[in-house]
Each structure stands twice: as structure tokens, then as C-alpha cells.
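In the two assemblies presented below, subunit A is common to both, partnered first by subunit B and then by subunit C.
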Partner chain A sequence: MKTRWQLVIFLGLGLCWIIAAPALGLATGGPSAPAPETEGPPWWFWPLILFAVTFIMGILAVLGGVGGGVLFVPIISGFFPFHLDFVRGCGLLVALSGALAAGPGLLKMNLASLRLAIPVALIASTCAIIGAMLGLALPTNIVQIALGLTIMGICVLMLTARKSELPDVQKPDRLSSTLRIYGVYQEGSTGQIVDWKIHRTPLGLCLFVLIGIMAGMFGLGAGWANVPVLNLVMGAPLKISVATSKFLLSITDTSAAWIYLNQGCVIPMMVVPSLVGIMLGSFVGVRVLAVTKPAVVRWIVIGMLAFAGVKAFLKGLGI
Partner chain B sequence: MKERKITDIMIPLNRYPAVNPEATLETAVGILRHAHCELEQGICTEAGPNTILVVDKDNHLLGILDFKAILKVLIPEVAGGLSEKLRSLGVSLAFAEGDAHTLDEARASFVARVKKNAEAKVRDIMLKVRGSVQADTSLVDAIKLLFKNKITVLPVYEGDEIIGIVRDTDLFLAVADILLES
Partner chain C sequence: MAEKASQDIKARPEQLIYAAILEKGMFIGLAVLLITFIIYAFGIIEPYIPLDEISRYWSMNVHDYLHHANIKGGWSWVRLLKYSDFLNFIGIAILAGVTIISYVAIIPILVRTKDWAYAIFAVAEVLILGLAASGLLAVGH
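For the complex of A and B:
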């Protein structure tokens, strides 16, 4: 099995090299290519740095309890010389990689609820497409300012939002009853059967309009917003909220990713090292998490996000 | 010495462990555990079958389960392939990134996970039967088929009707008997 992992890493790096090879030809100025005006770093420099940074990001995201996409977009757009459009396209795929890996398992475990996910996904993915189109149409500095503000908002949300494992839902609302959004799951550790239902469905669906637009516009993934809305507003149990949110991401982010892909904003030379880095980092993070969860990491992550948010905001203002 | 036939060494169908496709893996494991573990003085001799047949009510053979296939379902993240490992990583990631890693069932206790996974339906996890022999097939041909298909048991048919199972153990004993008796 170890050999298989090595094979995956080898293939990832190999693919990265193949994709980057033409760039090598350009960077070294092949026989007929004009001589470059300025001496930049070699072609492998940025993919390698991206791989290293995303690897650490993967570990921190898992230990800090946030999605990889949330860290990726502000940090890479703030500190790397890539255009925001490419970073957002890449961020969506980074968020998607975790969601697609988790989806089948969460559905099989009966934790991701299709009844809850489908109506929400319909709204969120439609809005994610609109958000992606808006994000690509608006001037970059405006998007950068909005991104900075959103990131700072996420920090506030991370600091203040309290989760409720089993919210008290007295009576399901009419819309959720009509759509039959309720379910049952078995608590793995205790074997207890948990019946759940939701309320405030219209408000929750309206909030998903905003979440969808932001997910598409910034390429952040949207777990940070999905979970509080599903859990605190709509009253779904935390386990169902986390699982359904991750499953939802695979639908909404896919919709938005197509727009970025169609506009040529997905560069394999950025995506491949980032995906390989973040997945390997997450793998290590999950292993570390099984042993310990240092509380300080969450504070470091919030601090990093706040700093990246302020940087994005100032960058948008041209300061 | 007269060459023995498949029907001489096979285990008749009614003596081989079998389970309904709609049963849970837990039921299948119980039946196989009992059949595999022939108790002598309270100690399991591990002399019984290593596989369990999946048959419908008309005794049609639909599939088979062996130890590896069972362990793969009970502990997928360890015994399964790359996709199972990725799936388990994905689930752990979902809970870790949602800041709810304490709720992660993929990391729950070993006992709880095994019990949960044992709820799988037999029909969803059974393996395909790869190869079969007729009652008049020679021992050599049966052994050849075991090697060719990399399997350990072969159903024995008489026409369209399954009458028994021949295992690698039975074929080994038959060949060993040739040596010992000569």
C-alpha cells in the first residue's frame, strides 16, 4: 500500500513536470525563442513553493478546523504574484478535492442528507454560477476588497459562532415538511437513534443565495458558512450539518469551477502542486489530529486569515 | 490406485455455510465463524470452510464471501484499496475542517466502527464466483482452474444444479493422499 502512495505522489509530480515542461522551454528561451528581458526564477520555483505552502496549509487547515479553500485563496492571492482569477479558480478545485473525496463516504454513512442537500444545492449552485460570472466580470480591485472584507467576516464568525450538537427544533416549518426534509441517523459510538428535523427553511434558503454567490465569486469553498446556517439557523444536528455541507460543496463548487475553467482561469501548473500539497498535508493533519489538537493552532489560523484578509483589503484599495 | 473424482472430495452443498443475499454481514460472519471454527476441547481447530456462499431461496449460487472480503468491509480504511482509504480520509477531513473532529465516525472506536460496518447487506459486498466445475471434471483440471483464476474454492455443478463445493484444502488432501497411499 505504501508503494501505491508513492506511486500517487510520483504521478502527481510527474504530471506537474509534464505540464510545466513547455514553460521550461519558454523560460530557458529555446533556440528560436526571444531572449527574456528580465531574469526570473526557474520554471519549477513557483510550483515547488506552492506545493510546500499548500502542504503546510493542509496540516493547519485540518488542525485549525477550517477548509483548505478558505486558507488558500487569501494567502496565495495576498503573498504570491498570481492574478486573483487564477487563484480563485485553483481555490475552488482545492475545496472540491476534499469534498469529492468525502462525498461517497458521507452518503454511505447516512450522514449527508440528500433531502436536505438537494434543495439547498439547487439554490447555492445556481448562485455560485452567478457569483463566478460576477467575480470574473467585476474589476479585480473590487473583488479583492470584497474578498478582504469576507475573510475578516469569516474570522469574526470563527471567533463567535458556537455550534450546537443537537439543536432543539420544536416544530418543523411548512416548507421543510412539504419537501420532507427530515431524517434519522444512528450515533456510531453509542448506537443511539437520532431523529432530526429542521425549521426556518425559507430563511436558510435565502442565506444560501448569499453563500452561493460568495462561494462562486471568491472560490473559498463554503463550509465556513454552510455549517453555521444548517446547524444554527435551520437546526440540523451538527453531524448532519458538517456532512451535508461537505457534500453540498461538491455540487456548488463544481458549478462555479466550470465558469472558471471555461474562462481559462484554471492553470494546471498551479492546480496540480496545490492539490497534491493540500491533500498530502491534510493526510498528515488527520494523523496528527488523531493524537492531539493543539488549541493554539486555531488561533494561529484565525490570525493568519485576519492578516491575509487585511492584506487583500489593502491590496484592493491599492495601498 | 483408483483416481478420485471431484464428487468424492467435495463438501455437499447442504453441509457448506450459506447465507441469504438480503442478510447482513453480521449474520454471515456468525454463520462462517461457527462453520470455520470446529471446536475441540474448547479450542478452535480452524479446520472448517474459509468462505461462505450467497444463495437465494432456490439454491442458486449468487456470490461468495471470503475472509479478506469481509475484513475489507469491516475495516475499509485499513484493509481496503486506495479509494476506501481516500474515502476515509475525506470523511475525517470533512469533520476536521468543520471543527467537529470529535464527531468523526471514521475515527470512532474500532469496536463501534466494526459493528456499524457489519450492517452492510451481503448482496452489496459479495464477490463474483469466478469459475466452476462439473461433477465429472478431473482433479487436475480443477487444480488448474484454481491457479488460473487465483481462487480457493470452486462450486461443483451437475448440469445446472449446484451440488457441492471443492476447496483448495480438499484438492491438497486428495493429492497428499496419493503420495501417502503409494
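For the complex of A and C:
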């Protein structure tokens, strides 16, 4: 445990040092062109702040029970000088990396279901491509307004959505039976073996059309929408829904990330500090979770999201 | 009975193979990304856009950025790999590509078990992700 903490501190300080190294005259090579006359802080200021903010974001995301991607795009686009195009590209890579880090373990534990994810992912990833193309084709202010509205909608969803540990699925629908979408898992806390199946599959799949488009258009991870649809609409147990949703992001965000990558919306000096910041923050967040009241933090996260959503909305309106 | 339950709890073979490839790809991608970022930030290899000019570009929209920096979209970054900033794209491409490899790996298992619907879904997913990765889908403001 102590070694892990030391590793986190070491990596965090290391990244700060790496970003600040050229500014401290530690870089050995580097640009041959003379430094341009620019107003404002030096170039390394924003990546360093980005790292610090994403680190805190990573902690809050775990405590608030949301994905890092959903916090990243509205907050970074609202309060940093980066254009929304790059923030969305970066947000997708942040959400993708988080999903890739969690996915293998969840699949091995059989909490994330590949059988449930494959048909859903096919629809969501196809629509994420359409969403990404739409998002890049539309004027920035329109996307910003839509992003603001979506974020405010997410706040409402977070405040109102119920959760069901083990939804009562009387009879699986014909499609899920044909595709053999069912499974068994062991509830870790009780040791109980839980058989699960799903219903309302066609409706759930239709909703993933919308989720995919929004994920691609705004560069948000879509866990906030995946979980309610898998859990409340399709009737998958909460644990299976959360785990499959997290894994699902690795596929949905892959398709949209390629669109943004090919379009040139990726600046490594933004991506790496964000990615490492969120990952280290999430690691610390898991530890902090044991000693905090998640309900309080959840309110803080909802408040932050609402503020960022209003800010994005007003920015889109030019106010 | 208990034995059957414990077998059911275990993930299916294709799921385990998918997970194993995803895990390896994730670790390799992240390691490459961190190493190339160190090379970039320390100026060990010259970047295409000098570090002290990067802040000029990140507030532009992507169209203006590509135009002013004289960068082409799609896979043109491969031709710029001699620059340290574009070296970072190797790690990013690995992270964005590992899902495609994982899907390709499970297709033979799905075919062998005559799980035709899922084999078709997996092939379709590879095609969709391949299309996204190809750079053929061009858009612009």
C-alpha cells in the first residue's frame, strides 16, 4: 500500500517536472526557432494546470460516481484557453484510457459481459462516428450550446435517476433469448450466485443510437447514459450494468477517437497531462473513497457539472 | 450442480482472450505514450511545433490549426514521426487500435463455436472501427 502511494507521488511529481523541465532550462534539445512574443503565461503553464485540475477531477469522478470524460469536456472547455475541437478529442482519449484500464479486469471477473456489450457496441460505435462527424461539421457555438444543454440534462439525470440492484426481469425478450444474452455472477459481498437476463432489448438498442451520437459529438464518456439504459431499461443487474458500461466505452470511444485523431484534433501536450492526471487522481480517489461521504461529494460534482454546463451554454451564446 | 454454477461464473473463452489482448495493448500503449512524451517534453528530439509556440495553436479551431501549422489530416502524422510531438501519436494509435485487434482475435473462436450472429457482429465491428481509423471519413467546419 505504502509503495503504491509512493508510486503515485513519484509519477505526479515526475510529470510536473517533465512539463516544467524546458522552462527550467533542463531540456537538452528543443526548438531552434526563437521564442515568439506572446502575451499571457508561458506555454508550460496551462499543461501544468491541466495536470493539476485533471488530477482533482480524477478524485472527484471516483467519489461522485461519474466517468472522468463527463467532467473533463465541460470544465476544460469552459475554463481553459483550448478550443473545443481539441478538448473533445482529448476528452475521448481520457475516457478511452479509463475504459481500457478498467475493461480487462471487469471482463476477467465476468462482471462486464462481452455478450451484452457486442451488439450494443456495434450500434453505439457506429453512431459515435456519426456524432463525431456531426460535431466537427457543426459550428462551434452550436456544439457548445448543445453541450451545455446536455450537461444540464446529465445533472437532472443524476438527481432523479433511480438504480435497481437486481431488476426484476420476468421473461427475457425474444431478441435477447436468440442472442443468448444472459449470465451468472457471484455477488462479492454476500457470495450469492446471481443469474441474470435482460428484457426490452430492441428499445435499449434504439436508445444506444442517441447515446452513441452524443458520445461522439461532445467527446463525453457515456457512462452516465449507458448505466441507466442497461440497468433500468434492459434490466441488467446494477453491477453488470456499471461494469459493462465501463467496458463499452472502450469500443464506443475508440470509433469516435479515430475520427478526431484523423481530423487533427489531438495535441499531445494536452492529452498526456490530462490522461496521467485523471488516472492518478482516480487511483487516489479510490483510496479517499474509504474515508469520505460520497453523498456530499456527489452533490459537489453535480454542482460543478451544472456550473460548467451553464458556462458552456452561455459561451455558445457568446455571453 | 455446484460445479456447473462455478463454471458459469467464469468468463467465456472469447471474453478472456479479448480481455488479455486489451490489457496488453493498454499497457503497451500507455508505456509508449509516456516514453514518447518524455522525449517530447525534454526536447530530446525536435518537435514539429516548437514548445513555446504550441499555445498559439490550441485556441484555434482544428481547421485553422492544420492550415497554420501546415499539417494534413488522416494518417499524415506517420510521415512526421521524426518529430517528437508526432512520436506521441504512436502510443495514442495503439490505445485507439487495441480494441480492433481484440475483436479480430475472437472472430475465429466465434466461428469455431458456430456462434454466427456474434461472428457477424464482430466482423461488422472490425469494419466499422477500421473505417473510422482509415481516415476516409473526412469532415470539416
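Keep this in mind: the second predicted complex is superposed on the first by the 280 of 319 C-alpha atoms of A that agree within 3 Å, B and C clash if a C-alpha of one lies under 4 Å from a C-alpha of the other, contacts with A are read in each partner's own complex, and residues count from 1 in each chain.
Following the convention adopted for this analysis, a residue touches a chain if its C-beta (ideal position, glycine included) is under 8 Å from a C-beta of that chain, and two chains touch if they have at least 3 such contacts.
No experiment lies behind these values; they were computed from the predicted model shown.
Undergrad: Superpose on subunit A as described above, then tell me if subunit B and subunit C fit or clash.
TA: When both complexes are placed onto subunit A, subunit B and subunit C end up side by side without any clash.
Undergrad: For A:186, decide between first (touching subunit B), second (touching subunit C), both and neither.
TA: In the superposition, A:186 touches subunit B and subunit C alike.
Undergrad: Considering only touches as defined above, state whether A:261 meets subunit B (first), subunit C (second), both or neither.
TA: Second partner only, subunit C.
Undergrad: Quick check on the superposed pair: does A:153 touch subunit B, subunit C, both, or neither? Answer first, second, both or neither.
TA: A:153 contacts neither subunit B nor subunit C.
Undergrad: Looking at the overlay, does A:227 come into contact with subunit B only (first), subunit C only (second), both, or neither?
TA: In the superposition, A:227 touches subunit B alone.
Undergrad: Once the shared chain is lined up, is A:289 touching subunit B (first), subunit C (second), both, or neither of them?
TA: first
Undergrad: With the two complexes superposed on chain A, say which partner A:245 touches: subunit B (first), subunit C (second), both, or neither.
TA: first
Undergrad: Quick one: classify A:43 as touching subunit B (first), subunit C (second), both or neither.
TA: second
Undergrad: Between subunit B and subunit C, point out the one touching more subunit A residues.
TA: Counting residues of subunit A touched by each partner, the higher count goes to C.
Undergrad: Output check: A:61 vs subunit B and subunit C. Expected answer is one of first, second, both, neither. What do you get?
TA: Once the two structures are laid over each other on A, A:61 reaches subunit B alone.
Undergrad: Could you tell me if A:122 is touching subunit B, subunit C, both of them or neither one (first, second, both, neither)?
TA: The second partner, subunit C, only.
Undergrad: So after superposition, what is the minimum Cα distance from subunit B to subunit C, given in Å?
TA: Taking the overlay as described at the top, subunit B lies 7 Å from subunit C at its nearest C-alpha.
Undergrad: Same subunit A residues contacting subunit B and subunit C, which ones?
TA: Overlap of subunit B and subunit C footprints on subunit A: residues 100-101, 103-105, 108-109, 186.
Undergrad: Name, in rising order, each residue of subunit A that touches subunit C in their complex.
TA: Residues in contact with subunit C: 18-19, 21-22, 26-33, 35-36, 38, 40, 42-44, 46, 81-86, 93, 96-97, 100-101, 103-105, 107-110, 113-115, 118-119, 121-122, 125-126, 129, 132-133, 136-137, 139-140, 178-179, 183-186, 193, 250-251, 254-259, 261-272, 275-276.
Undergrad: Along subunit A, where are the residues that touch subunit B in the complex?
TA: For subunit A paired with subunit B, touching residues are 1, 4, 8, 61-63, 65-68, 98-106, 108-109, 111, 163, 165, 186, 188-189, 191, 223, 227, 238-239, 241-243, 245-246, 279, 282-283, 285-286, 289-290, 293, 298.
Undergrad: Which residues of subunit C touch subunit A once you look at their complex with the stated criterion?
TA: Result: residues 5, 8-12, 14-16, 18-20, 22-23, 25-26, 29-30, 33-34, 36-38, 40-47, 50-62, 65-66, 71, 73-75, 85, 88-89, 92-93, 95-96, 98-100, 106, 117-118, 121-122, 124-125, 128-129, 131-135, 137-141 of subunit C touch subunit A.
Undergrad: Hey, which residues of subunit B end up touching subunit A in the complex?
TA: 82, 85-101, 103, 105-109, 112-113, 115-116
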